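Before anything else, here is the set of structures, which you'll find just below.
Next come two complexes, and both contain chain A; in the first it sits with chain B, in the second with chain C.
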Partner chain A sequence: MVKLSRRAFLRTAGTAATSLAALAAAGGMHALLEGSQNVGPGPDDAVAAAAPAQESWVKTTCALCPSGCGLNVRVVDGRAVKVEGNPLHPVNQGACCLKGQAALEALYSPERIRRPLLQTGARGGGDWQEISWDDALQRVAGILARLRAAGQPQSVVFLHGQTRGQMRDLIQRFMTAYGSPNAIALESPDEQAARLAMFVTQGINGFPVYDLANARYVLAFGGNLLESSRHVMAYLGAAALMRRGRPDRGRLVAVHPRLSLTGIKADEWVPIRPGTYAALALGMANVIIDDGLYDKDFVRDFTFGFEDFSDDGGRAHMGFKSLVLDRFGPDQVATITGVPAADIARLAGEFATNRPAVAVLPLEPHGLDDGHELYTAMAIHSLNALVGAIDSSGGVLVQRYPRLAPWPAMAADATARAGLAQPRADGAGSSDENLGAGAAGRLADRIRSGQPYPVQALFLQGVDPVHDGSAGPDCAEALLKVPFVVSFASTLDESAAHADLILPASSFLETWGDDYLEGTGFAGLSLHQPVLESPVGDTRDVGDVLLQLAALLGGPVAAAHPWHTYGDLVQERLAGADVDAAALARNGIWSELSYPHAAPGSPAWRDVVGRDRLNAPSDGRFDFFARELFAALETPEDAGCLPGFELPVAASDATAEAYPLLLISQGLMTEPAGWAGIIPSLQECYGLQSNTRWDSWVEISPTAAAAAGLASGDLVWVESTAGRVQARARLYPGLWPDAVFMPGWQGRFTNVRWGRGAPPNLQVGANANALRAGDGITRVRVYRA
Partner chain B sequence: MTRWGMVIDLDKCFACQSCTLACRMENNTPVAGPDQAARGRTILWNEVLPSIDGSYPRPTVTLIPRPCQHCDSPACVRVCPVGATYKNEEGLVLVNYSRCIGCRMCTVACPYQVRYFNWYPPEWPEALRAHLNPDPEVAPRPRGVVEKCTFCVQRLRKAREGAAAAGRAFQATDYIPACVQTCTGHARYFGDLDDPDSLVSQLARSPRAFRLQEEMGTQPKVYYLKQG
Partner chain C sequence: MKARWFVALLAMLAMIGGVALAIRPAEALPEYAAQMGEPCASCHVSPSGGGPRSPRGLAWVAAGKLGAVPDLAQALEVLGVHTQVNPQDFQAPPGAPRPAAPLQLKQGQAGAYYRWLQNYPGN
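So, the complex of A and B:
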């Protein structure tokens, strides 16, 4: 393959050293900036000739959200000055969202930690001392070596967030070679539920991919499809195509208690009582089955558990049809969900008769948020099987991946084998990673209780569980219980503030790497490469740090990691049979841009239904009745294997009188999932409907506000059993009357003076996550501050 | 003569505000920060304006992305006492910052509220100055002048130079503003309204087309296409 050298990339990716005679030298502009009283040239003024600037465009891949868009970065005289979308990239097709536009504010952020930091006083106290990388790595390696020598490699936990391309495999490999089963992805219950629902129904261990571009009817449950969903950029492009890019106009329906930009721009917003998506999906299934509108051939030939059945032992089991016909009649569902029965019937009819139709699960934190996310996700995904939208154009696809060069063989020594045989620290069944997902939210609890064993060292990468509560409540306390915490934070987020040591990660604009084309279905790769000659500070790529730690540890850990840099590792993997490296280098992305649809029952069908099943037969049938769950559950009952609905505890519990409102969550377009620091321009357009900048707000319905005597702009407390936070009330008619909404990203601390008159230390808005009392929906009351 | 105009299809605009920030990063509008933002001094040439009406369960929310409308009969130009704001021969409404005296008559006269006053010299946290666009047309504006969307006039100049360097004639399709390039729904179109065959001309004649506050007689060169 073509050698992926950095210089070659810079040459092929950009126009080398364009001479722009009329472009003023960067120094000239900076002179202007220093004395801002100087008068800049007006657009009509003659532009002074100046020394030619060195200008190039570098192709790379964004990591500020899971979309993974191709970027084209303008670099002038060694400074990255503008981001555009890469037109050749299938995810964003030349477009670039506001987060990508503001990525340079993250790259050059004054909040960035530029050298390794050691906390010298009490953790959380904020006494930091800069130390060298050598010193920092020696400290980490020393502790890792000591724990391993003591036969406790399992006591090391690596907690990570979004990972790209080869990175997750590298983390897994490092931890495996070291001897710990605790490489833990901090995935939200909603994301885990989507993955798990795909697995127990369709037998595919992965997120569903939705072919919106070819769908005639798109029914999006929960989440925020066109603002914060996992593949938001692909969906935005597809939604535009549905409307104006093809002869038959598609219809987009958004189901959520809150009217987001998705709901506003959709063809229809269906407001629904918080936590009742499953009932609506099953109510729609009731109408579709009762009226005979389902795909009878598909259901008969390629699904399991639609009708009641008897197992091999002669025991009778309930099927999906009986479940929905007996328990989810439209009137009953209307009472549960607040969606009128006539609307349920109409939506069901529209969904079943405007094929290809697809029911979309939210693949994002707090997308379902009802405490029973798996059964809710199964209910929603079952609608797709009813209309035969499995692997068909306009339906649910299965993400394809390119064949890469194999990882080199790795031998675990006796210490590693003993460590790997231990249970996972978060309680997930490590021998069964498919069904073992879903435990990360209990990690903080388990660390505090020292179960199943004390955690001695914890790595935090790309996560801020103290802020967002994703590892469970009271996470700061859990971190303080761990003797040694290492963070790879780029800015001093709330979790890093409780670490012993910060090994500041380079940003995605400074490192080598790769990404798959997730969300498109296509097998292919997208390239990460540094846009600058050297990182902005003395930061390092997390992959490089792991390789350096492996080398310091020596022995089998070092032997398992024969690469000098993460870039070398990526290059070796990408030398696989499928990859056109020259195209990847030239275009920043390589893919055949085609998806191999499998016809039901064809040999390829087993790639899309049943492929990853462990205990259920891979017979090419979609499970309405999840045989995988039947095999996995200790005391399987039919209700535990079928989609289902339970009223979220919070909707009916004993605190209902004192806390009459339901706090709901929804991601926003302006929230960067991949950056825990302040991006000032995102703050300046943060809340569109509420016209809020640099702050939080509490959205409350006019009826609830009237009952509480509140007006828009009032400073209020929002209080739950877990705590209270302050924000300004905004009356918003696009909200379920008993619900309140607060943005979940805000409430971060910054030590930078952002703009004239701003204080040097600031908490930007309020942290709504502090109100969460547990799984599902939180009850709150709102009163004037 | 070329007459630059824009068409925004509200059916494909999802109000993501990517235009807003593409504009900021291209044109070096400063970070206002929490204090100045609270005083309404955020400078974003290309905002999305929300309007919320009606009641649950069927509220009406309209979201209008709003660049300068580059009016053919611009109110701002009529009221400028010093000729700092002007319309050039290709129809772009621009500001000569060195002539502007900061009287802000234009900010009041503009029915679209697209004009922003620099209450103080533009500021960034020092580290963020590294990413500023070095194009001379977008050098940060001094205190006391009014600024606004220029349809990224620096890109027009660079496109002309690029065509000349390639030894070919400049074409209208060589040039698009930053907001058009970045648009996530591919909802923005840009081109020559005087060319009857251009895409923007054709779309501007669509039955879905309308302009903001046409009754003001300003003759905007930004057309919107109705949603649905």
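So, the complex of A and C:
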């Protein structure tokens, strides 16, 4: 095993010449080098042939969406000039989406905040003053120290979004050492539902991975699998291989109220009434069970709660089979979903008889969007157990991770222990939020109400709740109620505008870090490394800032963070036993490349079913009846432990007459998660389907448009009980008749006049999130402006 | 007149044919297979070539597209692949599977969940 030295870690292995030398050193490749010659085109070859000394290709990892693709960045005279995909990275294998191609526009964006900013006037007023990093860190450390000395460490909240590699652990470690239970991840209800469904049914605390490349039948519920899924690049390649690269062509079916790019690329699009995925999944289960098409051996030997049963106290419980046979007949489900009963039966038959088949959960915001996401996700995931697609080729995989060096031990002092014993600020762990799912979304309400205690300091990292969250004005009000708000924003996003202090984070192209390989199943790591010798502005990596704050706080907080830089921390962690450091440094990626499937009942089966159960037994059984929920619920009833369907509140509430349409959303390929500024190239192609640039649009079915007297191109208001926004109408037949679609990323303010068609005001497009009053589907009406 | 049109048509067809032959998908390079003397499937997952690469293909790219495609052992060495998996662990043991554990009511333990759930592996 090659140990990771600092020299190896810092080595830039990008050019072909470097690779060649490294290979020669790797041993076993000498025969290849003798008499060898480079053939064929490619960026590495072009550089090797005619590269000046100041030109290089640096391997790093993209952070503009959760896919985590490997990138090759061309650097000329210290300036990054081009981004390509790293052909060695298993996720993207040389492909690079348009977000990655545009990454340099984010790096050099004129919107970027170049040094720390202090709000000198009223919060939200925009009176900013540049200050030094020393000044900024002293201010933050001073307030943290004062709160800790006052015995109020729990009043500090760190709200973060998507993190990569070691970052989430570092945030939790920092907050734990400080004494606050409030390291809170702002996941969408849909992402949480997928992870929770995996936990309560399969006993795995993690996102599912789908082996599309080897599946014969892929049934994608909700979301936008091939545009905005969490593992979109891995799935794009796998879906292409499934449908065009194999002798036996697989079939892709997309279920959604809207015909997205995924639906267009699929073999079949199944239009469905918004918010009724669970009913369709359970209706399919009804047909599969009723016709005896399920995997009887697997269900009998490796699942729990399929048949009715009695608990250890002799109490009778309903099983999954009775549930779906009694309540989800095809005709009944057809009425609920709008999918004809014959189609439900056909889909069920195709799914059960074209194995390996896999039912795919969306792993992205607004992927399910029905307000009952956990039970919907359980219903969809249960289809996989019915056909035995658990950890099988072409089925659901469990993402593996490399074993890294352990974190050093940490001792919390009395202050920290007292703070950590306090309830979490968002209510996670309380009786009505016992799983913690969705609690973060209610943090703003709790801050405004001062419950369970006043929040005195709030850190925002990688989140913009004022723009992204439902009821953004409430979030802004909540921010104003917190005495001290620190944002790590790179641009002046809507939430940072309400902060006291902005500590601008460096771009992922400027910092050291790591990234767990995800979406493939097998373990792997991908390296982040700076492509520039120094950051574009006077910005810092968030990890470095946390370590510097820990040092300023001193005592047990400093002792828990013995690293000088975040790069040191990552280097120490990656020096663990499972990582081939030389390969990681040379290729920018290290992975195991192969995924062995655990046979049911094998020793390895424990790692894919039941591994992470807390209160339910790890007996290697997939839970149709979620024993974990049975333990978690205060008054467990069978309906609360089984997959289920409930009509979304918005589908039947009292506002239906005044707001007759249902707002739905899907992520787009052109939306860079983790970046809140304008990227011109992505705006130029923002609406790939609608050909809309630098703007939003609202899709409405021709039926609904005719009723409202609207035509394509009309400027309309879209109004809900929460607010209204303006956009151009687009009549789209590929939409459920009473649904309305708006993209969710636009509506950001910018102080840069971008020209070339940019609207003259400071807001680009409309923020559809402003229409949302809470989780789930929102009712709206559309009328001419 | 007819002959001139015919020549022009032939020239146009030749031009279109030339353009069509010149245009190839960037990743589908059968000349690589010819130069290496190996089938497309040596380097690609798909037997017809193109798309995701196999470990041998990945290693060939990593090596700078040298004059020979590394064999699988060399490729795994280049890519740093070392699995510490015991294949027997993935085989089902003989005999009947374990019976399901009975359902037990465990109230009052809910508070532990959110801490348990926030510590999941990965990004």
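The rule is short, and it goes like this: the second predicted complex is superposed on the first by the 718 of 785 C-alpha atoms of A that agree within 3 Å, B and C clash if a C-alpha of one lies under 4 Å from a C-alpha of the other, contacts with A are read in each partner's own complex, and residues count from 1 in each chain.
Note that in this section a contact is a pair of C-beta atoms (placed from the backbone, for glycine too) under 8 Å apart; a residue touches a chain by one contact, two chains touch by 3 or more.
Computed from a predicted structure; not experimentally measured.
Of the two partner chains placed by superposition, A:452 touches none, neither chain B nor chain C. In the superposition on chain A, A:515 contacts chain C only, with no contact to chain B.
When the shared chain is aligned, chain C comes close enough to touch A:317, but chain B does not.
Of the two partner chains, chain B is the only one that A:684 touches; chain C does not reach it. In the superposed model, A:142 lies in contact with neither chain B nor chain C. Touch criterion not met for A:723: it reaches neither chain B nor chain C. Using the contact criterion defined above for the overlaid structures, shared-chain residue A:240 touches chain B and also reaches chain C. Using the contact criterion defined above for the overlaid structures, shared-chain residue A:108 touches chain B, although it does not reach chain C.
Contacts of A:125 after superposition on the shared chain: neither chain B nor chain C is touched.
Taken together, the two structures place residues 20, 23, 26, 28-29, 32-33, 36-40, 42, 44-45, 48, 93-94, 237, 240, 244 of chain A in contact with chain B in one case and with chain C in the other.
If you check the complex, the residues on chain B that touch chain A are 9, 11-18, 20-22, 24-26, 30-38, 42, 44, 47-48, 50, 52, 54-57, 59, 61, 63, 86, 88, 92, 94-99, 120-123, 125-137, 139-143, 150, 153-154, 157-158, 161, 178, 181-187, 227-228. By the touch criterion given at the top, residues 27, 29, 31-32, 35, 45-48, 50-53, 55, 58, 61-68, 70, 73-74, 76-85, 87-93, 96-107, 109-123 of chain C touch chain A in their complex. Chain A contributes residues 20-26, 28-30, 32-33, 36-45, 47-48, 53, 76-77, 79-85, 92-98, 100-102, 104-105, 107-110, 112, 226-227, 233, 236-237, 239-240, 243-244, 259, 261-262, 264-265, 267, 271, 536, 669-670, 680-685, 688-689, 691, 693-695, 701-703, 732-735, 737, 752-758, 762, 764 to its touches with chain B in the complex. Within the complex, the chain A residues that touch chain C are 16-17, 19-20, 23, 26-29, 31-33, 35-40, 42, 44-45, 48, 66, 68, 87-88, 90, 93-94, 162-165, 168, 172, 183, 185, 195-196, 199, 205-207, 213, 237-238, 240-241, 244-247, 301-302, 304, 309, 311-313, 317, 399, 401, 424, 428-429, 431, 433-436, 439, 515-516, 518, 578, 580, 582-584, 586-587, 590-594, 596-605, 612, 614-615, 617, 619-621, 625, 627, 630-634, 636.
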